[in-house]
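In what comes next, chain A is part of two complexes: it sits with chain B in the first one and with chain C in the second one.
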Partner chain A sequence: MTAATASATSEPSASLGTGAVGDPSGAVEPAVGDEDPRPLTGRAAPWHERVIEIGLFACAGVSVLTTIGIVAVLLGETLQFFGEVSILDFLTDTQWTPLFSDKHFGIWPLLSGTLVTSGVAIAVALPFGLLAAIYLSEIASPRVRSLVKPSLELLAGVPTVVYGYFALVTLTPLLQHVVPGLSGFNALSPGIVMGVMIMPLISSLSEDAIHAVPQSLREASYGLGASKLATIFRVVLPTARSGIAASVTLAASRAIGETMIVAIAAGQQPRLGIDPRQPFETMTAYIVKVSLGDIATGTTEFRTIFAVGSALFVMTLSMNLLAMRLARSFRGAL
Partner chain B sequence: MNGAGKNEPDGTPTHDPGKAPTNDPSSASRRRRHVAFVALALGATVLPLAVLAMLLGGVTLDGLGRIGWDFLTSYPSRRAARAGILPGLVGSISLISLTAALAVPIGVGAAVYLEEYGKRTRIARIIELNIANLAGVPSVIYGLLGLGVFVRTLGMGRSLLAGACTLALLVLPIVIVASREALKNVPDSTREACLALGSTRWQAIRQVVLPMAFPEILTGVILAVSRAIGETAPLVVIGALAYVTFLPDGVLAPFTTLPIQIFDWVSRPQQSFAVNAAAGIVVLMGTLLALNGVAIGLRARLQRRKA
Partner chain C sequence: MTMLVHEGQPTLLPRLSASRKRERVERTDGVAPKLRSRGLRAFFGKKEVLKGIDLPVAAREVTAVIGPSGCGKSTWIRCLNRMHELIADARLEGAVELDGRDVYARDVDPVLLRRRIGMVFQKPNPFPTMSIRDNVLAGLRLTGTLARVRPAEVVERALRQAALWDEVKDSLTQPGASLSGGQQQRLCIARTLAVDPEVILMDEPCSALDPIATARIEDLIHALSDRYTIVIVTHNMQQATRVSDSTAFFLMGELVEHAPTNQLFTSPKDRRTEEYITGRFG
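The block that comes next holds the complex of A and B.
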């Protein structure tokens, strides 16, 4: 679909360069568009530009190498891990005690910690983020919008270790006055703080989606006598829904991968459960705990962090791909 | 939202006439609902910012009294009142300088390739998709990558260099995306003018396009650097130390950073160490605010020039 436009716009500079030089000399040589301007300056040998281009290509290739590196490291160590521990135990056992003498390698307790903290985060970030997106796109004046939008992005720029401090030192003691039975380490407090952190992700991307809804749809709705609220909830939001879903999926993926907040404030107890007042250990917090400890590398105990890392990578990657697909279907629908 | 989703836009008109009789005479109730919703939406937008402001205010009150020359120039100690952040500060500054030295040339180079040379080729599209995916990989996974590749396979050990390489890969997508945006904003007519004057493609890029894109690239670099300054998890995974009583004497030396020092203090049960953590946070946030201020200032200047 875009192939025709792509080839037409891919090298506008080169083709124009040919034209500019071709005119005075009277002969156009399409095959040597790159070297053509050279006769006018008489500088810069083509081979040296070719070397630069290869160097630049190598820079771009670093990102591909990074991906290959991540997959190779995770896959290599995880395969070795599953040579020592049955993959069936990993996926079905309900206890995670790799550092005890009675070893169990069931991922579920860590997964449960990750899901409970991320669930709290989304429960906070979704209503706030969506309301903020509606406010910025449909209600706020352009001036207010240009002021508030970058301010919201500040929320995502605060280092996570700082958020961890807030969760543990400030929020948990406050919540203990309100929520009965809340332990000093719990999933609720880091979950709420994580929600604040990922809220700008939802507000910013949802605002883009809402903003992209054609004005004609709103005008048609007003023309039929609908109020502004009805237009927002019956016309604009339904039209933007896959764009909004993409933003929420990305935010959830960010929450699942978040490490320091939960490592500081959620505790270090693997627990299979759903009560956010209890301490939990997330997948990410477990990786940090083992890294801080003095377990020898190359042991099965140490390899657990690569197996957990692989599970984390697969989860976040599939959510990111889903978000991309949702965003693409949204753009396609418009 | 799903319930509303089933109501396709063309479903609205069949709904509204039925409601109209009850709605129309009391447009006051309609307005009241509108005002209530605006207040709710405004509240939801401002509340998180207010909460953050209060938290930052609180941590500043807690930590400010602890900050002094001694705090900035002392080594960590078992006694909280004597502990300082010198190794963390020196470690953070060296690590970030190394990270920027690695990530900026590679990131800008990649952006130049994708924007100026390989635009819309198949390989460029693969690289683009790859960068988009990398930007979503959790930072702790980069730590595992650094541990496997830089610390072990390449034999750098748990050193500054291994940390910088890991962080450089982590922030590379930010640098590339920002630099590409900057290059996109240079009008094609500029490139064509250069070529018409007889420059080669690279001469046009180096002498005209990159200088024009420079302020915006710099904004992106500052954002990447502020991200790197606050990173903790990948450095913990590659084995940065939490308790360091010496300064790194080279790129292969072990190290700690300010966020790791804060993490160490937060993790201790004693209240006196929490005060140290608060003081460390004030220093960290102060640095970040200053950096972001520069970035915002640059962006504002840019927008003014465009307008």
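The block that comes next holds the complex of A and C.
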């Protein structure tokens, strides 16, 4: 309050020094108007703009504070967990049995569940997403594009619980006809469905990257006698590569964090392995299981979810940062 | 034998097809124009941008195209190597003949045509992901003909022809985009030369360059004109007088006058040409 009055009094004194002669009430000078219709002193913005600015700042502040809060809780609980369980065990043990009497706290089985399901998802989403992006930006007529692009993006809007049950009750039985040895719960089916879910992310962001490649490079290529395909694959895609890599990284991060589909269709058996026909438990599915289960809060068993959550957070955060870096280097390269 | 322009020099593409060798004989006789546009009309959507251009391009000469902004110079030279049709809703009527053959005939593949009619653009556009060397080889690589040549030779030759070799010979693996604007433009010329075209189209190749870089490119155009047929669009009339053998003046989609450069600038036949070259409009 005192600072505000101080500045309010200092302003007129400043305008006194340079302003109109013999006018002691410098503060009202802008309001006089008749003498100087376009004053330079005073405030251009009315007071309520200031209020709106403060309100907007507060909104932004709330989301920042929430993030800080979440990270703080995650970190606190995780530190406490590592007070009870050695971080070395967490990183090197190959079994994850915190809920059994013979407790092991090795993250690898959960990690392999997450990596196998996400790997399947990327294996599905990358080729299809990239080809869709190429088709949409380089080949499709504007009309086709305006139809196909929104329909693709609808895929990302399907609730994940629907995807999960689709994987469990439709896709898995279908796949069991063609994939020998496929268990009822497995990494393959939810992986494929996740791939479909993240495909629009890849196609949409890659299309943006491909679209951003300057037309002059395509013309240079055509001018040298290159065919359309050669132009796409040897000029356009290489130029857009870091943008495409950014889209894939973001999509992978999305797959790693995906919960519902894998919780429903991948099973709940922590398993260290790479065979996608087997049931797996992913990091996210484990967190769901424990938070919905009847394990008492405040126990080491319960705190495992914070440790797993932190590991997940570190993974997705670093992938998102990588994607941002890639996107920046793409823009820089153009 | 007046055969083979390239005799005695190492050829860029050792395996020139027989038919192409024959065409080279034709082009040495200098009578028939290398290129000719006949009644060429070009459209963007409904807008007619070229209103029937009849213009021959003499073999192994430099033909300059001048005219006020928006008169259709770029559109015209882009019609010559069928780049015009790459733009959505661009359309075209009339004919363009290369050695007497309509390049818009149904059986002509524009991709093959563009290997014989190369293009240098207004803004230098080296491929940003490629090194200097790979930029020079890009055309061969993109057209799948790299295996037929000795890459190191092609690179040196094309860069020497483009008067860039001495400046870059020690940094061939550096990115093409690391060069100065003028060097980039010469790299783009080298890239075009490396695929051994017969005609080179240049759309204001110096407009993004400073006077020194411009002078170098002009010298280069001069030197190249004893082997290649060159069409250059320019806004700079001094440049037209310096580099070209004949000049065509376009106005609002029409060809007003085409004459030997000296004649066009000293005694233009058309009043509009005179007004333009004396700076009264444009």
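Keep in mind that, in the parts below, the second predicted complex is superposed on the first by the 282 of 334 C-alpha atoms of A that agree within 3 Å, B and C clash if a C-alpha of one lies under 4 Å from a C-alpha of the other, contacts with A are read in each partner's own complex, and residues count from 1 in each chain.
Going forward, a residue touches a chain if its C-beta (ideal position, glycine included) is under 8 Å from a C-beta of that chain, and two chains touch if they have at least 3 such contacts.
All values derive from a computational prediction rather than experimental measurement.
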{"item": "First (chain B), second (chain C), both or neither touched by A:T170", "value": "first"}
{"item": "Partner chain in contact with A:S216 - chain B first, chain C second, else both or neither", "value": "second"}
{"item": "Contacts of A:V158 with chain B and chain C, given as first, second, both or neither", "value": "first"}
{"item": "Which superposed partner A:G309 touches (first chain B, second chain C, both, neither)", "value": "first"}
{"item": "Superposition-derived comparison: chain B or chain C, residues of chain A touched", "value": "B"}
{"item": "Partner chain(s) touched by A:S63 [first = chain B, second = chain C, both, neither]", "value": "first"}
{"item": "Which of chain B and chain C A:V179 touches, first, second, both or neither", "value": "neither"}
{"item": "Partner chain in contact with A:G225 - chain B first, chain C second, else both or neither", "value": "both"}
{"item": "Chain B versus chain C as contact partner of A:R234, first or second or both or neither", "value": "both"}
{"item": "Touching both chain B and chain C, residues of chain A", "value": "217, 220-221, 224-227, 230, 234-235, 238-239, 241"}
{"item": "Chain A to chain C touching residues, read off their complex", "value": "142, 214, 216-227, 230-231, 234-235, 238-239, 241, 333-334"}
{"item": "Contact footprint of chain B on chain A as seen in their complex", "value": "6-7, 9-14, 16-17, 20-21, 34-35, 37-41, 43-44, 49, 52-53, 55-64, 66-67, 69-70, 72-74, 76-77, 127-128, 131-132, 134-136, 139, 148, 150-152, 154-155, 157-162, 164-166, 168-170, 196, 199, 203, 217, 220-221, 224-230, 233-235, 237-239, 241, 244, 250, 253-254, 256-260, 263-264, 284, 287-288, 291-292, 297, 305-306, 309, 312-313, 316-317, 320-321, 324"}
{"item": "Residue ranges of chain C touching chain A (in the complex, touch as defined)", "value": "81, 83, 86, 88, 111-116, 118-119, 121, 123, 125-129, 138-139, 141-144, 188, 191-192, 195"}
{"item": "Touching residues on chain B, where the partner in the complex is chain A", "value": "1, 4-5, 7-9, 11-13, 15-16, 20, 23, 30, 33-34, 37-38, 40-42, 44-49, 51-52, 55, 58-59, 105-110, 112-114, 117-121, 124, 126-127, 130-134, 136-145, 147-149, 152, 169, 172-173, 176, 188, 191-192, 195-204, 226-227, 229-233, 236-237, 239, 242, 259, 262-263, 266-267, 274, 277-278, 281, 284-285, 288, 292, 296"}
